[in-house]
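All chains are identified by letter, namely A, B, C, D, E, F, G, H, I and J, in their written order; residue positions are counted from 1 within each chain.
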Amino acid sequence: MNRSEITELIKQARIKRQLSWAQLAEIVGKSKEWTTAALLGQMTLTAEQAQAVGEALGLPEEAVAGLQVVPYKGSLPTEVPTDPLIYRFYELVNVYGTTFKELIHEEFGDGIMSAIDFKMDLEREADPAGDRVRIVMSGKFLPYKSY
Amino acid sequence: MNRSEITELIKQARIKRQLSWAQLAEIVGKSKEWTTAALLGQMTLTAEQAQAVGEALGLPEEAVAGLQVVPYKGSLPTEVPTDPLIYRFYELVNVYGTTFKELIHEEFGDGIMSAIDFKMDLEREADPAGDRVRIVMSGKFLPYKSY
Amino acid sequence: MNRSEITELIKQARIKRQLSWAQLAEIVGKSKEWTTAALLGQMTLTAEQAQAVGEALGLPEEAVAGLQVVPYKGSLPTEVPTDPLIYRFYELVNVYGTTFKELIHEEFGDGIMSAIDFKMDLEREADPAGDRVRIVMSGKFLPYKSY
Amino acid sequence: MNRSEITELIKQARIKRQLSWAQLAEIVGKSKEWTTAALLGQMTLTAEQAQAVGEALGLPEEAVAGLQVVPYKGSLPTEVPTDPLIYRFYELVNVYGTTFKELIHEEFGDGIMSAIDFKMDLEREADPAGDRVRIVMSGKFLPYKSY
Amino acid sequence: MNRSEITELIKQARIKRQLSWAQLAEIVGKSKEWTTAALLGQMTLTAEQAQAVGEALGLPEEAVAGLQVVPYKGSLPTEVPTDPLIYRFYELVNVYGTTFKELIHEEFGDGIMSAIDFKMDLEREADPAGDRVRIVMSGKFLPYKSY
Amino acid sequence: MNRSEITELIKQARIKRQLSWAQLAEIVGKSKEWTTAALLGQMTLTAEQAQAVGEALGLPEEAVAGLQVVPYKGSLPTEVPTDPLIYRFYELVNVYGTTFKELIHEEFGDGIMSAIDFKMDLEREADPAGDRVRIVMSGKFLPYKSY
Amino acid sequence: MNRSEITELIKQARIKRQLSWAQLAEIVGKSKEWTTAALLGQMTLTAEQAQAVGEALGLPEEAVAGLQVVPYKGSLPTEVPTDPLIYRFYELVNVYGTTFKELIHEEFGDGIMSAIDFKMDLEREADPAGDRVRIVMSGKFLPYKSY
Amino acid sequence: MNRSEITELIKQARIKRQLSWAQLAEIVGKSKEWTTAALLGQMTLTAEQAQAVGEALGLPEEAVAGLQVVPYKGSLPTEVPTDPLIYRFYELVNVYGTTFKELIHEEFGDGIMSAIDFKMDLEREADPAGDRVRIVMSGKFLPYKSY
Amino acid sequence: MNRSEITELIKQARIKRQLSWAQLAEIVGKSKEWTTAALLGQMTLTAEQAQAVGEALGLPEEAVAGLQVVPYKGSLPTEVPTDPLIYRFYELVNVYGTTFKELIHEEFGDGIMSAIDFKMDLEREADPAGDRVRIVMSGKFLPYKSY
Amino acid sequence: MNRSEITELIKQARIKRQLSWAQLAEIVGKSKEWTTAALLGQMTLTAEQAQAVGEALGLPEEAVAGLQVVPYKGSLPTEVPTDPLIYRFYELVNVYGTTFKELIHEEFGDGIMSAIDFKMDLEREADPAGDRVRIVMSGKFLPYKSY
């Protein structure tokens, strides 16, 4: 049972048991953002986290063990995602990519925003003209140094 | 003079005249995020905005006119960006893409976060363990409706 | 049972039971365009819609549940579709893509036609020189705004 | 002077002379949809049409001649378009591609909607919830025949 | 049982029963070119044709039904075919593609040769210097019309 | 002056001098199919042929010399051609590729139709239902031999 | 049982029965180069050859029949091979490709080296500085002819 | 003047001065295979070799210097070569790739044939059934060693 | 049971039996770098090595035999790796690729660093600012020689 | 003058002035690895560094200014590098990619080796069996943390 089979199992069990990602996050004891990524095969769980989620979803022991192994990451089946929701994020990278680059360099100099020492928060933003998705990303700046 | 030639011109003039993106944003009268994207060929300026930036950077009239034409958008030369700073954003879409999808659907149902009715804010977040890049994105939720 | 397995099941059941897409649309209570897209794995059904279609096609409970989950969208196996009927639509985007762009910008300014707040209608257009396919698309215009 | 150089010339001249695509269409004596596609390098003009547009835009004789030569068609620089407006049309093909296929086959049998014997009309559709883009496409159905 | 499984079944049954494509074409009552394409999953059979071929090859009822459904066309696993025989045809398109274009436009004006209203005939051409493959293609010319 | 520059030169000169491909073929003394391919950069001319065509089109000596050098062949800018006329030929290879393969193997055994020892003839086929393009291809069969 | 399943079967049986490719070639009665290519799914065996190899490897009847069917050729799973041994050959084509072209044209004129009327021989070349792989390729020259 | 500009220069000068690759090889004092590859931008010349070839072809000093710089190798504009002569070599790698692999491993164990410590010889092989191209490749075997 | 199935088996057995790669390396009697690569399907084991690892992991005989067969190498499912850890190495090749090239040529002349006669060592480097990964690579320089 | 034009300028000036990368590194006051990467357009120089190198190579002021601007990184023209020296590094990532992953995770847990907080050292390793290239890489380990 490889990791993508475990992910499929989790997706099906979650629907059968009617558990939201937010509820699973509470069971795991972490944010809904990290927990969802982890259960979708992108992060590594501790033994207790895996045990807890395994019980909540009725996963076999093999899956509980598998969740503790570092996965081969990358959740998309194609280089350019076809799903409209995910594509919009790709489009943001495409349209705003050079803007991210210029503004981070202007503020910090040469370097990057870490995608590892990173966290994010996604929530509903009420708006009379139609509610909005609000995402706050925070990544450590890592400078290039000469040597 | 097509739009990417204008972009190149702006990048060179900005360095010669030592103007930051933040300063150009003030001249344009908009946020630094939108202004940078616009000057990098991704957004359309009004006549006054184009005039203002043209004076500040000493652009020829043809470029001032060109900035008011809707550009063919997309700022990256390859499907998967090679620049490490921009790649990290692509990586976030790859690692967190299905997480964005699940959490937005859980909160809002089927639909997307708009990349058009969208704004963002990028700033430095002081942190004793090393300063961080903080990006707040806000996009209108657009529901799929049956018909 | 993932969504593409459900789609395959529906395609086979529909043929065995001799039900047209138009008939399924009536059962679902929506247009044939939306219903077909939904049953081909591109839209999300409500519980009643899924129940109705499940009975009509004799689908297992797991499939009925699966139809209510938001799918990973995108119905084509390759970036450039090989099927001649579908390719013609890709060709229209390729030949008329910049025309769509210029005319929408001329009429509305910078922005897009939404593919989410969108509906369409496909019908036969009688013509003595050979009947025609007539497709009416209607998508909300979404303007880019500066901020 | 090849066709894409002529296209570039037309785009620049149109802006300088402040002529809309609709005005150019009137000068050419055809619909704005066909005329725009033609002037963007996708269709072939007659001698009179080319002459008329050449005068209106002040094109050199070489360009007027070039407009009468059948172009190598395809207006997009990449297989998957990066421009958000054009991408939405690609997304429609991706999301609704199999739906187009099923419904046309259900109505007409095996065959395609022609992208050659084709015309379309794009206009504003007033809507209190926000105006909409309305596109009517009409293409001859071409049946596959056995032989 | 999807169409490519039916195709695989036909290929195996044909070898076991020692039936040539020409013999199958006689059973179907159509040319060997159309029949072979149809049995390889590219065309749609009528009920009688499917019944006849089903009996000749001992196909299960499900396959006989499947042959009457319009297939998703395209017989090649890669954009550029690797099989040397098929590659030579791709090479002809690559080497002679612009020649086809120029000569058809010279003879007919702007338009295409239909790949739908199309038939072909493939036969042996005796030649003392080594026999040759002779292919006669005939496709309706479809003109682009302005509108 | 490389070969693609010579090709561009020929295309422009041909239009200015109002010479059809058929007329150029007569000047060269070969079929219109071979001559067009040669002048579009796919075949090698003899000194006399190059001289003749150079005079007819007013080419510089460098171009006349260049036409006698074996070119790097392949006339298409992308793997999958975007031009609708040329795409139809690609589509034929995709839809009929495995049919070509089966029928040639049935008639000749394992081997290929040569794309080198090859000739073709393209002409108008009068038809009351609309004239047709008729292409006759003839390529030597080359058998695979065991050794 | 399709051809790639037969290939897999042969690879496994060969190891279990400890038969070298050279021994299999003797059983088949052909060179080790041709025999290996054939058993790896690239060439077509006669009935006797298939029978002989089937007995030697204990293949089922279905596989023996399958070896006599012309295969869809191409042995590599990706356009650019990842296996280092095979990549080196791709690299030779990349580095020496234009050299092959120039030298063959200098010696023979416009045309190609056939990959069909082709044979090769691969052997060890003793060398005090380390033994070498020696490959002798021989392919018929096929000239392009004008027509 | 970068290396590909030097290559272009050499190709043109060689034709003007009517020098064969074999003659250039004699001037350089190396085989025609190595010399051609070197002059096509794939190998590095010594000062004397560059000087000699520079005089023979009338190259500017800058080009003579450039020939002594190690080039960025790879002579093909696309991953899969479109030129028929070069494609045949790619096809050999595709059809015989796994055969090369099996036979070299059978003879030598795990390792590769070097494409660096490599030489080759290309010549005409007279044959009453049509002359043949004969290529002898010799590359050092490099074993993988465990450590 | 092909090699990638054996690799999957090893990965699962290793986790069940709680054996580290370092422990497996001791059992095999080689470095952890080589052993891990070998067990992940990239190197060939001797009979004793395969036997030892088979016992330690409880592998079936078929897998033990399979480990002694030279594998088709290449461990990544896509040309550009999506996993962030592996991508960083791809990024190093992209950012430093031309630097490797210049410095090796400056030191050694034209040639390459062998990836076959190669070994490496990966270890933890203690650092107060955060521990580091230290990788020492050593590959034989292989010079291009003229011939 | 964009960055890749500056890189080209540096490469040519370096050869004319006969300056090694090691000498340029001394002038810049940094390691030869960092300096070479910087001068090849991958790193950002300080004003003094740019001034120093500008004098040594006789660069125009515009280039000196350009070296102080953060570049769009990525030094390779294709996803899979064609140059044999650089390809070997790509091959190492392909063959050893999953090994890097397993060993770093075994030593450090889930996370990556930074390609930003990174340095490397490349030198000659004398060896009686042929000198070797020795590369020492050191990158900070960055752990994924749950949140």
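Here is the rule we go by: contacts are C-beta pairs under 8 Å (C-beta built on N, C-alpha and C of every residue); 3 or more make two chains touch, one makes a residue touch a chain.
By chain, UniProt protein names: A, B, C, D, E, F, G, H, I, J = Cyanate hydratase.
On a predicted model such as this, the values are computed, not experimentally measured, just so you know.
K.L.:
Hop across touching chains from chain A and tell me the fewest hops that reach chain D.
P.N.:
Minimum step count, chain A to chain D: 1.
K.L.:
Which chains are shared contacts of chain D and chain J?
P.N.:
Neighbours common to chain D and chain J are A, B.
K.L.:
Among the other chains, which touch chain G and chain J together?
P.N.:
H, I
K.L.:
Which chain's C-alpha centroid is most distant from that of chain D?
P.N.:
So the chain farthest away from chain D turns out to be I.
K.L.:
Of the pairs C-E, E-G or G-J, which one shares over half of its contact pairs with A-D?
P.N.:
That would be G-J, since it shares over half of the contact pairs of A-D.
K.L.:
Look at the interfaces C-E and C-D and say which one is made up of more C-beta pairs in contact.
P.N.:
Looking at C-E and C-D side by side, C-D shows more C-beta contacts.
K.L.:
Using the average of all C-alpha atoms in each chain as its centre, how far is it in Å between chain B and chain F?
P.N.:
Their C-alpha centroids are separated by 47 Å.
K.L.:
Taking the mean of the C-alpha atoms as each chain's centre, how many Å separate chain D from chain E?
P.N.:
Once rounded, the distance between the two centres reads 31 Å.
K.L.:
Out of chain I, which residues touch more than one other chain, so two or more?
P.N.:
33, 72-74, 76, 79-80, 82-85, 91, 94-95, 98, 101, 105, 111-112, 114-116, 142
K.L.:
Among line, ring, star, complete and other, which one matches the pattern of chain touches?
P.N.:
Per interface graph, the chains form some other shape.
K.L.:
Can you name every chain pair that touches?
P.N.:
All touching pairs, sorted by chain label, are A-B, A-C, A-D, A-I, A-J, B-C, B-D, B-I, B-J, C-D, C-E, C-F, D-E, D-F, E-F, E-G, E-H, F-G, F-H, G-H, G-I, G-J, H-I, H-J, I-J.
K.L.:
Would you pull the chain H residues touching chain F in the complex into a rising list?
P.N.:
Going through chain H, the ones touching chain F are 8, 12, 15-16, 78, 80, 82-85.
K.L.:
Going by the contact rule set out above, which residues of chain J touch chain I in the complex?
P.N.:
20-22, 32-33, 36-37, 40, 42, 73-76, 79-81, 83-86, 88-108, 111-115, 118, 120, 122-125, 127, 129-142
K.L.:
Going by the contact rule set out above, which residues of chain H touch chain I in the complex?
P.N.:
Spelled out, the residues of chain H in touch with chain I are 30-31, 33-34, 38, 43-44, 49, 70, 72, 98, 101, 105, 109-112, 114, 116-117, 119, 142-147.
K.L.:
Looking at the complex, which residues from chain J come into contact with chain B?
P.N.:
So the residues of chain J touching chain B come out as 1-2, 65-66, 69, 72-74, 76, 79, 115-116.
K.L.:
What residues of chain G sit close enough to touch chain J in their complex?
P.N.:
Against chain J, chain G makes touches at 80, 82, 84, 87, 91, 94-95.
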